[in-house]
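Common to both upcoming complexes is chain A, partnered first by chain B, then by chain C.
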Partner chain A sequence: MDLVLQLLFTGIGIGAVYALVALGFVLIFRATNVVNFAQGEFSMVAAYLMVVFAVDLGWPYWLSFLLALAGMALLGVIFNLGVYYPLRHRTFLPVIIATIGASILMANSVLAIYGPQPQVLQGWFETPGIQLGPVYLDSQYLLIIAVTVVMVIFNYWFFEHTMLGKKLQATSQDKEMASLLGISVSTMIMITFIYSAVLGGLAGILVAPVLFVSIQMGSTIALKAFAATIIGGFGDVAGAIIGGLALGVIETFGAAYISVPYKDGFAFLVLVLFLIFRPQGIFGERVAEKA
Partner chain B sequence: MKVTRRDFAAGLAVGITAPYLISNARAQAATIKIGMCAPVTGPAAESGGYAIKGAKLALEAVNKAGGILGKQAELIIEDDQTTNPGIVLAFSKLAAQSDIVAFLGSIRSTQVHAMAPDVLKLGKPVMIGGTDPNLTHMGNQWLFRFRPNDSYSGRVIADYGVNTLGKKKWAVLHSTDAFGTAGGKALTSALEKLGAPPVLDQGYANQSQDFTPVVLAIKQSGADILGSYFTFENDLGIFARQLRQLGVNIPWVGSPSIVNITALKLAGPALYGTYGVADYAEDSSEGSKAFGKAYRDVVKVAPDNQSSWPYDAVTVLAAAINKAGSIDPTKIREAILAIKKFPGAEGEYNFDQNGDGLHGYNIVKNDKGNIVFDKHIEFND
Partner chain C sequence: MALLQINDLIVLYGEIEALRGVSLSVDEGQVVTLLGANGAGKSTTLRAISGLAKPAAGEILFDGKSIAGLGPEAIVRLGISHVPEGRRIFPGLTVKENIMLGASNRRVAKAELSREADAMFDLFPDIRQFSSSLGWTLSGGQLQMVAVARGLMAKPRLLLLDEPSLGLAPVIVQAVFRIIAQIRQDTTVLLVEQNARMGLSVADHGYVLETGRIVLGGKPDELWGNEAIAAAYLGGHAKARA
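Then we have the complex of A and B:
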């Protein structure tokens, strides 16, 4: 039982990271009908910004955190204007390819500026974790889980109970109708990119103390988050969260009870099974609507 | 002006021979080129940078001492991207340059395996740092190893853990790539010979983000000592932290990656008190000390095996070509195999007929972040 609890905690912790990044995938997909393959690089860039502010410049952690998120908001604006906006009237394919190109550009820009050395970023708390009975709770994973819960609640409140959230929803559901109702579609899409970049960045900053800060960290997380998005149902916020958490738990238990080397295989096996038997994912109605 | 038949013939002769003479003259003046595949990008880019610095340091020394066959030596570097397809591409680019006389390959066995068929096809000497024993035992006469292979590291880890630390319940943890699998097998085999077969033999895939299941498996196995073969330092760093967080504090003797600079930086205190087999240990010989000083002076960081083996590879290669007196691949090969008692940064080189230059390892301890030399164990077989 101790083993199960320990694995469950770790699985949920890892899954929460996938969920945060998956949320960014979903929001952009809903707003633009495009998969943003640079979502993982948002995480990586934010983690490096934290290293610059908190480690290199030695600024307080909270200030570095806020500045890194502000930097991500700016990156969201640049990304929207530079990658999505010029191609907004084209089919989805050129935009997807542009996001892949942007992800390569971001990774190599960071490589050129900061070098290939993996960096260490301390966690938010001095204490690395707490022992709760037989289970060790890593403080960073606790923080990740807490932030994910807060973000889920915030998302619900924002999209269901604020005018801006409703405008964003309206834009994602029918751009022409939203435009006829006086909603500035391009502004809404800009806000979506900003929000997604900040979400991706948040995931990167949270996971950096656990996985270290490296050029590859974004792509590793994004691949799993993408799988989580499909499992949850592409286009569904709740699906992204459930998919991410499920993936984290499945791969952790799969590694513990079946095979460690094939840990990644379990995540993608689940993905393949979903694609065969339930391609719309767990909460997949919206995908059917869009198709 | 009237062109006579004689003028025409003379002009034709000059026209035909001039390009040859010019290119010949250029060749006479040209440098001796050594190709190097190194991870400039990818997960091992940091250690790749150290490897390049080590090779360049040796090249400078060679050139200062008169170069190779009286010419200055030059290093041509191609990025292997830390991937197998990357190194195949990098090597094919270098191999296409016919004036490159020899090459430096990878420290990663899996990459050396990937490029090995092309090495055999090309038929020119390639210096390697990969430690999978098979690399020099699979009929490829052009691979020359500048680190002791894992049959030695496995034996040294097992010997030290069983006979010096007195532990017999082993957990063996290894990457599932070529290096890790071969290392894990070598360690398991050595432990069986010492009458201490491992209670857990656990593989893991590179670039894992979480090692909780592995740590719990070690905990449950009841092992009283851990032997490991990690390929990437970030994996090692994540594992080391989780191992300590989950309360596993058994002695740990690891393959060389446990004492390299990147791993020490990433894992920090989680690696304190661990032991490692190290092909490079600064205090193990006069050659090691000399390299360490030269490297620190230039690069300003502590040297490790990532930089020491390319340093030795370039030094030994230059000496072999000079001794052979020719850039003919077969003559270079014979000259390398004839090298005995050659003092290098990694130790004393005594090449055997398989192309292995070193036959022993150092044991070092991580003493609060300082790597302290303990002893050298040499084998004669």
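Then we have the complex of A and C:
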């Protein structure tokens, strides 16, 4: 039982990272009808920005954190203008290919600067963790969970209780109608890219001390987050979060009870099972808004 | 000077000329009805005015200033509100949210927006009870009411209404037209209709559009006596649409 609780904690912690990235996927998908294959690279770039500021330059952690997030917001702007905007009137295919291209560009730019050697980033806290009864709560995982909870609440408030959130929803549901009402569609999409880049970056910064900071971390996280969105029900915000958490828990338990080397395999096994037996995902029934 | 003046407007969809030189004018305070069969170019005319379709040639003057080629976001800020075909209510937002978003062309604080939306329910009492229902749950007639309410939230000088009667039961159509008769007290309306009887009943002036051209224009009673109207609307080549 102790082990189960311990694994649950770790699983939710890693799942929270997938949930944040999956949320970024879903928001961009809803706004542009395109899957952003560079979503994972947002996490990777943000982790490297942390390495630049906190390790190479030796700046305070909180300052590096804020600068890295600001850098991600800027990257969101550049990404929107450079990758999405020129192709916005095309079908989804050229845009998807452009996001794949952007992802390769980002990964290789970082590779050119830092080389293939993984970098190490310290955690936020000096204390490694706290013992709570039978469960050891790693401080970095606690931080990840706390930040994710805050972001989920913020996301809900932002989309449900602000006019800007309503305009973003309107834009994702019917762009032409939104423009007829005077909503600036290109501004709404710009905001979506900035927000998604910051979410992805946040995930990357939080998970960096747990994993190594490497070129591959982006694609690994993105694949898991993508699987999470399908498990949750593609395009569904709650589904992305639940799917991400579920995936983190499943792979943690799989690694502990079945096989460690196949840890990453479990995520995709679950993905395949969902695609066969419940392709609409956990929340897939709620497609009413497309009616 | 007319509030809206269109001269020799040409709109192309690819190679096809959807509008082949349309000219019409709408004076301030009028209701002008644009009649025509399916595919005559009625919706295209409205889409060109609101900026959804780009004119290939011709003039669109609003209050004397050219608006041809401007984007829809800019045009609605000038005071032209377009309630398009199919209502286009945001399905995942509530009725009240839909109505509040109608004022996106103006800078209004959220609390004030909420008050204005509540006031809108006085004009549309039938949808008040659905204030917090999601858009997709409403019936066609209710959606039409929401669409018009949302269009009015822009406080337009000119309201473009595209086939408000489409797919509605006769009693609902009458309710919609009662509202149009009320709206005209402070807003100029350009109305597109297939239902000639209802369309002309509220109009000061009517135009008949046929395959991208205005073939007839005049006061409603002049149009009633015309054989072209009978041919276009009683001849039966206008197919019913879902």
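Points worth noting:
Basically, the second predicted complex is superposed on the first by the 284 of 291 C-alpha atoms of A that agree within 3 Å, B and C clash if a C-alpha of one lies under 4 Å from a C-alpha of the other, contacts with A are read in each partner's own complex, and residues count from 1 in each chain.
What we mean here is this: a contact is a pair of C-beta atoms (placed from the backbone, for glycine too) under 8 Å apart; a residue touches a chain by one contact, two chains touch by 3 or more.
Treat the numbers as computed from the prediction; the structure is a model and nothing was measured.
Following the overlay on chain A, a side-by-side fit with no clash is recorded for the pair chain B and chain C. Which of chain B and chain C touches more residues of chain A: that partner is B. Legend: residue contacts after superposition of the two complexes on their common chain; A:S179 is shown touching chain C, with no touch to chain B.
Contacts of A:Y85 after superposition on the shared chain: neither chain B nor chain C is touched. By the touch criterion defined above, A:P261 reaches chain B but does not reach chain C. Judged by the touch definition given at the top, the superposed model places A:Q117 against chain B, while chain C stays out of reach. Taking the two complexes aligned on chain A, the least Cα distance separating chain B from chain C is 38 Å. Taken together, the two structures place no residue of chain A in contact with chain B in one case and with chain C in the other.
Within the complex formed with chain B, the residues of chain A that make contact are 3, 6-7, 10, 14, 111, 115-118, 120, 128-129, 136, 138, 210-212, 214-216, 220-221, 252, 255-256, 260-264.
Contacts from chain A toward chain C in the complex involve residues 162-163, 166-167, 169-170, 173-174, 176-185, 288-291.
Across the interface of their complex, chain A is touched by residues 50, 52, 71-73, 76-77, 81-82, 84, 88, 90-93, 97, 100-102, 104-106, 110, 113, 134, 136, 150, 154 of chain C. Residue ranges on chain B touching chain A, taken from their complex, read 40-43, 45-46, 48-49, 176, 202-205, 207-210, 212-214, 216-217, 220, 233-234, 237-238, 241, 245-247, 262, 265-266, 268.
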